[in-house]
Every structure is written in C-alpha cells, then in structure tokens.
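Going by the order they are written in, the chains are A, B, C and D; count residues from 1 in each one.
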Amino acid sequence: MDIEIGKGKTARRAYGLDEIAIVPSRRTRDPEDIDISWGLGDLHLDLPCLASALDASIDPRAAVVIGQLGGLAVLNLEGLQTRYEDPEPVFEEIASLPEHKATRILQQLYEEPIKEELIFRRVQEIKAGGVIAAASLTPQRVEKYHRAAIEAGLDVLVVQGTVVSAEHVSQSVVPLNLMDFIPSLDVPVVVGGCASYSTALHLMRTGAVGVLVGVGPGRICTTRGVIGTGVPQATAVADAAAARMRHYFETGDYVNVIADGGMRTGGDVAKAVACGADSVMLGSAFAKAAEAPGRGTSWGMATFHPTLPRGTRIKTRITGTLEEILIGPARENDGTLNLMGALRMSMATTGYQNIKEFQKAEIMYAPSFHTEGKIEQRSQGVGMG
Amino acid sequence: MDIEIGKGKTARRAYGLDEIAIVPSRRTRDPEDIDISWGLGDLHLDLPCLASALDASIDPRAAVVIGQLGGLAVLNLEGLQTRYEDPEPVFEEIASLPEHKATRILQQLYEEPIKEELIFRRVQEIKAGGVIAAASLTPQRVEKYHRAAIEAGLDVLVVQGTVVSAEHVSQSVVPLNLMDFIPSLDVPVVVGGCASYSTALHLMRTGAVGVLVGVGPGRICTTRGVIGTGVPQATAVADAAAARMRHYFETGDYVNVIADGGMRTGGDVAKAVACGADSVMLGSAFAKAAEAPGRGTSWGMATFHPTLPRGTRIKTRITGTLEEILIGPARENDGTLNLMGALRMSMATTGYQNIKEFQKAEIMYAPSFHTEGKIEQRSQGVGMG
Amino acid sequence: MDIEIGKGKTARRAYGLDEIAIVPSRRTRDPEDIDISWGLGDLHLDLPCLASALDASIDPRAAVVIGQLGGLAVLNLEGLQTRYEDPEPVFEEIASLPEHKATRILQQLYEEPIKEELIFRRVQEIKAGGVIAAASLTPQRVEKYHRAAIEAGLDVLVVQGTVVSAEHVSQSVVPLNLMDFIPSLDVPVVVGGCASYSTALHLMRTGAVGVLVGVGPGRICTTRGVIGTGVPQATAVADAAAARMRHYFETGDYVNVIADGGMRTGGDVAKAVACGADSVMLGSAFAKAAEAPGRGTSWGMATFHPTLPRGTRIKTRITGTLEEILIGPARENDGTLNLMGALRMSMATTGYQNIKEFQKAEIMYAPSFHTEGKIEQRSQGVGMG
Amino acid sequence: MDIEIGKGKTARRAYGLDEIAIVPSRRTRDPEDIDISWGLGDLHLDLPCLASALDASIDPRAAVVIGQLGGLAVLNLEGLQTRYEDPEPVFEEIASLPEHKATRILQQLYEEPIKEELIFRRVQEIKAGGVIAAASLTPQRVEKYHRAAIEAGLDVLVVQGTVVSAEHVSQSVVPLNLMDFIPSLDVPVVVGGCASYSTALHLMRTGAVGVLVGVGPGRICTTRGVIGTGVPQATAVADAAAARMRHYFETGDYVNVIADGGMRTGGDVAKAVACGADSVMLGSAFAKAAEAPGRGTSWGMATFHPTLPRGTRIKTRITGTLEEILIGPARENDGTLNLMGALRMSMATTGYQNIKEFQKAEIMYAPSFHTEGKIEQRSQGVGMG
C-alpha cells in the first residue's frame, strides 16, 4: 500500500528490525534441540553468521578463530592487511590518534597501495588455520586482484560495495559484468549490498551463492545521514527472501540471503532470520572482541573516503572474546554477547526447530518497542534455566 | 489488519500499554465506592495484584505483609530462599557487589542446589503469617519439587517460565504434560507466561485457574533485546481476554487473565485491566519496598542464566513501605506508590464500578503520549480530593 | 476508524497538539488587523486566555493584572488564599522547602480549613482592581462555598475537577446535580474538565457558558501517568467543538469551548484554537511570571492529595512579567512569552482574521515534528518584521 | 487520505525529510558521471544550492566565494550589511555578547535604519567578484529598496518572508501586488516561502523564475514552536513540484522549486531533490564556514523581531571552509561537509544521472530512521572509493 508523500509523489512504507518482534508459537522447545546450521553453496556452516570485512575487526588470526567456532569471517583484501607488510604498527598508530586527527590520518594511511603478494599471503594465513577462507573485493578492483586470492586457496569470494547493482553504468571505464564474471570463477561468490526485490533477483541471476542485503539498513547508519539512501532492514530482507523464492522457482537454485548491517544484539539477529535471512553478516559486533586488531577502536571502510568520508574512527568497548561474542557463555547482559546462543534461545522459546522454519515465524509490528533504555527485571527467566 | 513488512512477509500490529489511554465515560464515581476485589479459583482477594517471584522483592516476610494487605505474593521456590538455609548473608553480599562483578557472582551463587526441606520450610513460614501462600516453580522442575510445597500447605502453585506453551517439544527429556499434571494436583494452578490467543486458550484448557500474560511486554524488557521475542502488553492482554471468553463459552469455567510485566505505574495497572486483565502481576515495583530482601538492589531470574544472562543486578531506589506501594498513602508523585489507590481513582474518574465493568472501558490509541518526562502541573486535581 | 488493540478490543485513534501543525492558507494578513477577542456569556474579553486556578500562579493581585491586560484569571477558592488569612509566609515556606519534604509539607499545609470570610475577601480584592472576577470551586464543595463568592461580587464561577461529568454517582453523598445547580445561579458558570463529545454535550446542557476541555491532555501530564486516563488535546478539543455545534443547533446557545492544559507555547495555543477552541486556559505558563505568588516554584492542585498525590512542587524559571508572558514584548525565544502576540502572528501568517475563522483553519498531521530540540535559524523571519 | 483528528476536524498527513529514504534503483553509476547543474531563468548554475540571506552566513565576500564555487548566495538587503557602513565591529559585538543579553542587543542593533547607498554598494561588491549577484528583500520593503539593488547590477532578486502569499490583506497599507510587481522588473525574481500546492501555483503565476518552499519545515524550527504553523518539507516540496507541473502544462514555463530550510546534511539535500526540488536553499550550513561573518555565532532574521523574537543567537561550530562545505573534500563525517559531493554520490549510488531524473527517484517512508545518534560502521564503503 503506497503512501502519498505529496501530490504525485508516493512512497512505500518500509520497516526496520527495531519495529518488529517475534511472536511465540503454540510450541516451545529445548535450546539444545535447535539446529542453526546452514549451507552456503556446497559449504556447510555451523553458525549462520559472517563477520564483515572491517579492518578493525578481522585479520587472518581473528578469521581463523571465528572459522573454528563455526562462523565465517571475511577478510578485507583492500584494507590495511594488503597494503602493509606489517600492519601492526599501523593499527597501533590508529588506536592512539586523537579524535580530531583520525579521519585525516586514516585517509593518508589508506593511500598506501594494495599489494598482490600480500593478498596471496593473507589468504594463505587463513587457510593455514584450517578453516574456510573468505575475503572481499569491491566491484572496481575484483578483476584485478581476485586471482591472487584464489591462487592462495580462497574458498569464498565476496564482491561488495555500498550498493552493487547488476547494471553499473560508467562513462570512463567498462564496468564489471557480474553476469560474465561470477560464472567464470571456480570459487563460490557472495555479492552485495542490495536492498530491493529486483536488485536481489538480478544479483541472484549472476550465479552468486549468496546475496548481501543491506543498504543504510539501520537508523544510525552513516550512509543514510550522508547520502540519504537506505532501506530499513526488515523490509529489505523480506523483499530479498521473496526474490530468493522466485529465483528458486525459476531455476531450482537456492541463493542465500545474508542480512548485512543494522543488527547489534542477538534479538536483531533473530529478527533478521525471522524476516527471511539465511544468515547474518555482523560488523561492529566483532570490533568489540579482545582479539580484534582495532585495539578498542573501530572504523568503517567509508571512513577514509578521500573526498566524502562517512563515519569516523570510534572508541569501542572490549566486551569479551570472539568466542564469548559468538557462542558464549555471556557474562554481560546487553544482548551483544553469545549472539548465536541468543538466536538458539529465541527459536526455542518461540518453538521453531531450524533456520528454514524460523524464516516463517510470526512477527508483529510493535513500534512501542522502539525506545531502548533501562533494564526491566522479569521473573520468568527461570523457565529457560 | 495485517501489515506488509516486505514482499510475502506480513505482521500484525501490536500495541503497548504506553500507547493507549483510558477515556472517561459519561459518569464519574466516588473512589470509595469502587470494588476492585476479584476471585482466583475459589479464593477471594481484595486487591487485583500479585507480586512476582523475584528474589529481590519477595521473601516469606514480604509475602506475609502483602497477603495481609490483600494482595498475593508469589515466592520463588528456585531462588535463594530454597538454596540457602540462611539467605540473609547472600543478599548482603549481592547488595554490596561492584557493578562489573555482579552477574558473574550471581551466576555462582545460584549454582548452590535447591533443597526440598527449604521449600517446605519457606511455604510454612508464609502460612504461619495467616495468609494465602503462593509460590512458583518452572516447568522443568515443578514435578520434582511441587510435593514439598503442597505438603507445607501451599494454596496456589504458579508454574512459570519466560514462555510456557501447552506443547513443549524436547529430544532429551519427556516434557511436563500440563494437561495431565495440573488436574492431578489438589491446589489451584496459575500458569504462564504466554502472549497469544491460541497459547492462552491452550493453557486455559489445562485446568489452570489463572494464566500469566506477558512475554517481553515492555519496551525496556531484556527478553526483547536479547532474543527479539515479545508481544506488547495491551495486545497480549486483550488477546488473552478474548481467549478467556471463548474458554468460558465452551466450558463454563472462568480462567483469570493476569497481566504480568510491562507495568510500572498505577496508570499502567489501570490500562492492563481496561484491556481485559482480571489482575496484574508486578515485579520490580516491590523491589522498591523498604521490606524488600534486595536491600536496594534488584535482579531478574534470567540475570544469572549460566550462558545467556539477561538483565543485570541494578540499584533501585527505596520509595516506601510495601503498604505505601500497594495501598498508600503516597508521599511521592511518580505513579509508583499507592498503586491500588490509583486503580481505584482511575475507575472512579472514568465511571466504572468494578473490575468486570472496567475491563470494557473505552480506550484510545494515543501514541503522542509515549514520551515520559517532566511533570505538568494541573489545577483540576482538587475535584477528586 | 477504530483500531484493533487485540481480539475484541478496539480503540479510537486520538491526536495531541504536538502531532499537528497549522497550514498557511492562500492569504496572509497584517498581525495588527487580527481580532482575537471573544465573548464568554455576556462578557466581552480582549484575549482568549484564562489563567488556571493554580495557587502558585494566581492570587488576587495577579488576577487583577491579568484582567487589566485583557485576560481572565481564575482564583482557586479551595487553595491557600482561602485557608490562610495571610498566605504570604506559607508561600515563603513552600518556596524554601527541600525537594524531599515538599509533598509531605504541602499535604499538611492544605489541611488548614477553608474559611468563608476569606472566600468573600479574596473575591472582593479582585473586584477592587476593577476587573472581571472569576474563581473556582470543586463539584464537592461548590454548594457549600459559592454563596460567599457571589455575594462578594464574583462575575464568573468555575466548577472544576480532574473529570467532571453531568452524572456523578455516589453511595455516600447526594451528588451535585449540575442541571439544577447551574441555572439556579445568577452568575455565568464555566464547568469541566471533560474530554469527549458526549460529556461536553451533557455539560453544555447544564446551562454553563463555557466548558473546560482537557483530561490528561499532554504527554507529560501526571493524570495520565498515575491513573492512566486522558485524551490527547487536539482530539478532545475537536470533539468538544463538534458538541458545541450540535448544542447550538439544538438550542441556539453558543457555549464556549475552553482548551485547558497541554499547552506550553504560543504555537500550542494557536493549534488549540485551530482545532476548535474559543479560548485557552493556561496553568504553568503563569507560574513563570515575576508576579506569581509561587516565587519560582509551582505545584498542581493534586500535588497535595492526602493519599494519592500527583505531581510535585517543582522549581520554575521566572521568564518575565505577566504582561510579557501574555502580550509581550518578548525578549526570549522559546515560545512561552507574548503568547497572544504569537496567536495573532499565527493567524496573520496563515491568513485568518478572527477566532471563528481560525477555528476552521486547515491543519496537518505531522508527527515528524514531535521532537523538540535545538533551534534552527531561518532567514525568512524578516517578512513579518 | 484525510485523518480524523476529532469529530468534524480532519487533517492531511504530511511527511518530513527525516521520515523518508531514497531507494537504490536497479542501476548504479560513477559519481563523476552525474550532472547536478540546473538553470534558474536564463542563468546556468553548476550547483543546485542557494545560500539563505542570513547575516551570520553571507556577506559580499562569502557570496563571491560561493558564486565562484558554482552556488548562488543571497545577500540580505535588510540586514547589518545595509544598516552599517562598516558592519565588522557589529559582528564582533554580537559574537562577544553573553547569552542572556543577545536577543535584546540584537533587537537594538537592528533598529539602525537601512541605507539605500549601502544596498547599492553591497550589490556592487558582489558584482566586483565576477559572480551572479542575488539579494533578498521582504514584501514590505521590496518596492522601496529594489531599485538601488538593480541599479548596482543585481542579477536575481529574492522576495522573501516567513510566508508569502499572492494575496496579502492589509487594512493599513496597500499591499504589494506581486502579479504586477514581478513582471515589471528587468531581473528574474525568486519568491517565497510557501508550503502548499495552491500558494506555490499562485506564486508561479506571478512570473517568478523560482519559488522558495518551506514554512516551518523542520522539526526543530522555531516558527513551528512559537506560532504553530508549518508543513513538513517532504510534503511541501512534493506539492510544489506538482504545482510546477501544472503551471508548466498551462503556460509552458518551468518555474524552479527551491526547497528552503529543514535540511542539514547531504542526505537531506538529496531527499529534497528526490521529492521534486530543482535546488535547495541552505542557511545554517554556511554559518559553520570559516569565512562566515558570524564568527562562530548564528541567528535568524526573526531573532530580533521587536515584539515576538523567534530563535536566538547561537554558538555554532566552524567545521570547514565554504569550499569544504559545498564541494569538499570533507575531513569530517557528520554529513554536513561536501554537501554537493554527497548529492552526487547519492545519485550515483541509486543510479540517477541528473536532477530531472533524480526528482523521480523511488522513495520509502521509513520512520524507524528518525532517531539520530551514534555512528554505525559499515564495511561496504569501499565500493564507492
């Protein structure tokens, strides 16, 4: 149902994850009976969780830990890891920068060229840990750099930009044709971000095994503030899930919908799945890990844009280890630890046995829940003990 | 009317108590003429108010005081009272814990096993006060421990978990069949929480005399943040009230709907009844009492969950005695004292004589009232003096 | 259009003044051409503004000043002025009370009995100032005390409670029958508060010349917090205006709709009129006056309720004289000074010539305007210079 | 679809820019391929951005810089520049005033008469910089002062008030008839503000080349607080764009819609265009420039209104040069720098090639995005690098 913004201009109503809630079904289940595993192409993964290619969160070491826990970390192949032989002093410097200089210095530090041999080496470092290796390149650079990564044994290639369309128009360069490029590779490809039914469908038709869904998905997203674009995540995920069904109907291929961004707590993760996601990609959640290379600071990959930076280097609180963040046990209470345990608990409490079932969970539009604030103590927690 | 979240995913609109207001009818009444009593099974209770089984709020002594005032306190039979012969030093310790250690130590303190003899003794202590004794057990433990409580003279058994369904599915244990269990007992049973028409109806069919309604009911509820589930309380209560009517129509049995959680002020209590509740269950309201065992701290029964704690031990302000909180007189102004006097005043002002009438009160959806903040002084209060 | 809160429970959508905005018409006018006068019964008043019967705002001296400026102040005949021969030391004491004792001491100070001779004297003091004298009594006490006031020369009697209905039901006393009482008096009567079409209509049928509209009208109103009742003011005023039209159609009598409460700025006043009000009654706005007896503190008439106080004594900032507040000139910018000048400017800017025309102004539902906050500088103000 | 506020009072739903978001289309583009130029009458302008006639932002020097960058600054011909031979000491004084005296002193400083010779001289100073000269007068004074400006070489005359209608009614003066006045001039005229379809249409019919759209457009606008009038900007712009189409259809003349006010970030600018604006007028954005005459303070042209001041002199943070604010590069991240680069990036990301195309962009109603707050780091920014 379209809304009239003004005479002759209509808009669709879109919903954010913070506006919805999952409704308990008639059943309840034991958390330990819940199956949250999923498949990405031919790969089987224990946890429906990818870690975004944020320099502050993921280096080869962190990627190995996450992989061992059952998740899948994506290394940024255009970040500090592939620009610097030894990135550690660079991270040290960034962490120690005063607030007002951070953006400027980041812009400078990222001017250092990307080196193919470092791409090769970083992917090898992940493979050496015995886990699935995933890494990301932008559409602009993927043709140039993907070979080094694949030769090093890359298992999953992520082609990722703020917005990736199947039809990029350029007057200066011949843009990457994803339709040709993706099928030409020997590794499965995840591509995004996108945020609509039609773009998701087009990206699915490129032969990708997964589509990242999320463009300015959260209410505190800089993309939205700086350039005004974005689709609230509940709507974006549900739309992409509908595209997945159509694509499956047309081709028999099931392409994963990976909700990317706009999620902070286990509740957000659960709601993204309940809207239709097969998996989630989390970013700043992992910058809070003791193992994170950011050393208590975090920044996005648009923070150092040479002319239009978005976001800034922020201080972040170290809340636990990667293990505590991902699968617990949690010793804190704000919903950002034991994210997968929370998903499991959410499914148990509402009575859904696996991801596929949970994607069909009943949800409510409950805007009264918007406000975040003080903790209300409930007595009922006992039941889940 | 369903809302389209995205293509193929719809959601029902649900409302919180803070989004509604009670509309004055054509009549007004004297507060002293209002009857707020109710019946739970064969028991007659002066005040439509239960106190939740929170360790920080209810010990046998507090339960006796609340019972003498006309309310009904529920003792937690899986809490500190039944794990420790002398719980007083434990409460002392908890109250003195620094913030950052609280969750961890709580997790340890609650590892102490539950003892049947203490269950027996605590119930006896309440009975010795000459009041109705109510106590709670989780579905997981109720079969093991209920006998000790009933032998000690328990009047009302509360079977309570975050979410309780009539159909729990487990691969590891044979789950409690409430349909068999509840009718087998000699004491009336209250069961919950639930938050939908169908689950409420199923729980009513187990033979329970009351159903607790509330799953993540408030906007500041940790259940919602951590696991994303919940139903705003106005909708949950109205749905359960509709289930009560159907059940009554089918069986002739009237099962009480007890709104549990999401209420802080007398206004919230009044609104829950106006949505159809027969009674309310309040938690943190009583942790603010001078008599509360928490000594100015409070925590929920999910706070010490071994792997997924929700909530934390919080500092709470002592605002008055149990008597002042429940029936006044109030010497404060924020709506959290003289809760039953406020309910009475609300009914008098809007012209409704008893709980049954008030359940049919006209309400408005008034989201402009969301924001809480400064006090506006009005001149009209005199009229009710 | 009713909204479904839950199965079988519906609610009407109601709107607050802060959710609406007045839309400019095709015309603009000069502020000095705007006529904001109105008539209350046979009285002609320059300013469509009454001052509420708040002890902290209105004493006989303030009432005289407001009357001389063209407004109409209502003296509280059950407040400190009629309980104390010399109320000045009492005001001194209240202003000096520490926060935590204020409610308690207020409760005690208001236990002093009301004295008929003081009712007589205070009304005389207003009359001596050469202005229209208005004063308020509650329905419970009006029969006992109104004679003293009328004998002293009272011009307008205000019968006011939190909620006043035309049909009060009591088991202990024979309630005041407004239908008999009001026509029996020689002075015009204003009665309220009410907040619905039917109650407004019933009160109009009592023979009152004005009806006060407002029950828990604002989002920060204590009535709503403590007892959960209330109707957002835009809806309440529009409903009462519709009742006024029906009453006029049936009887030929035009009864004034006076919006009472929920207004803070000139914009709020303008919006109340644009919803249909003939006049507004302001409370805390006048406690900010240099002449206010509250000496920088303010409290409502429910603050000292013996068992269920609502509101508290608050500190308030002295922002200007009564003249500056009412008709300017303003030397501040937050919308709370020169309230009548603002109304005039609002009408000029949107092109409406008098109150009757302005009641039909086009309004918009604009919830994006909810948030109050920082000032945005505009360049266009020049046009109104 | 009209909304019922109360019985017999309806309101149209209006939307603010902060409630909407721009949806990516199927295409993406390179930022450097985007054309954001536009035409105002016969003038070609590189940047769709006017600077409001705020004394604190625009003096002849700043106007020249903005003009050289491709924008169009409007000088206030009723401000300090035309009242004082040497305004520099006046700006110094204002910048140094303590908070509580600012409004009062501003009221006094603006009592100094406007001088025709200074109007002439200031316009000449802009012309001397080799850029298009634009300046504003209010409807009340434009007849008296426009000649001096035009003689000095003015290129664009802006006739601007809080609300300008084509039909001003006055009992004291013969109001300016825009229908006669505008066609009589040799320079193109921009006129406003207005905020509705019909007023925009009437102003277009006066022969103006551009119409300013915006009356109390933002949620923090003082016009709304003080006088209660306003139309949220997304709706106002869309309505005016519809009027533009009708006017074009009737006359063949394309009159520019210039969104004025309610925009702070590049995202806001993009959204205004996506609602149908040809260009935007920004105010406080330029007070943050190093070159701004306000020296870190800012005030609106209603701040010094003699009896009803709106707004106040505020402290503002100097964030960059006019160049950095308008076309970058940005060294900050909050969306207020490189505003035109952000617009370009927004169009590239969503796949629109020029302003005309972007006016038809798909938008969403996404109220969950209301809240502004912390920065969320995203990994996808790389794609736009």
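Here, a contact is a pair of C-beta atoms (placed from the backbone, for glycine too) under 8 Å apart; a residue touches a chain by one contact, two chains touch by 3 or more.
As the structure is a prediction and not an experimental result, all values here were calculated from the model.
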item: Chain labels contacting subunit A and also subunit D; value: none
item: Subunit C and subunit B - chains in contact with each; value: none
item: Rotation angle (°) superposing Cα atoms of subunit C on subunit D, nearest 5; value: 90
item: Homomeric contact subunit A-subunit B: same or different residue positions, threshold half; value: different
item: Interchain centroid distance [CA atoms averaged], subunit A/subunit B, Å; value: 38
item: Centroid distance [mean C-alpha coordinates] between subunit D and subunit B, Å; value: 54
item: Residues of subunit B touching at least two other chains; value: 13, 15, 235, 367, 370
item: Full enumeration of touching chain pairs; value: A-B, A-D, B-C, C-D
item: Parts of subunit A lying in touch with subunit B, wherever the complex brings them together; value: 1, 13, 15, 20-30, 32-33, 197, 234-239, 241-243, 245, 265-271, 274-276, 328-335, 338, 341-343, 345-346, 349-351, 353, 362-385
item: Contact set on subunit C toward subunit B in their complex; value: 3-9, 11-16, 18-19, 52-54, 56, 74, 76, 78, 103-104, 107, 136, 138-140, 160-173, 192-196, 198-199, 202, 212, 214-216, 218-232, 235, 260-262, 283-284, 287, 298-303, 305-312, 314, 367, 370
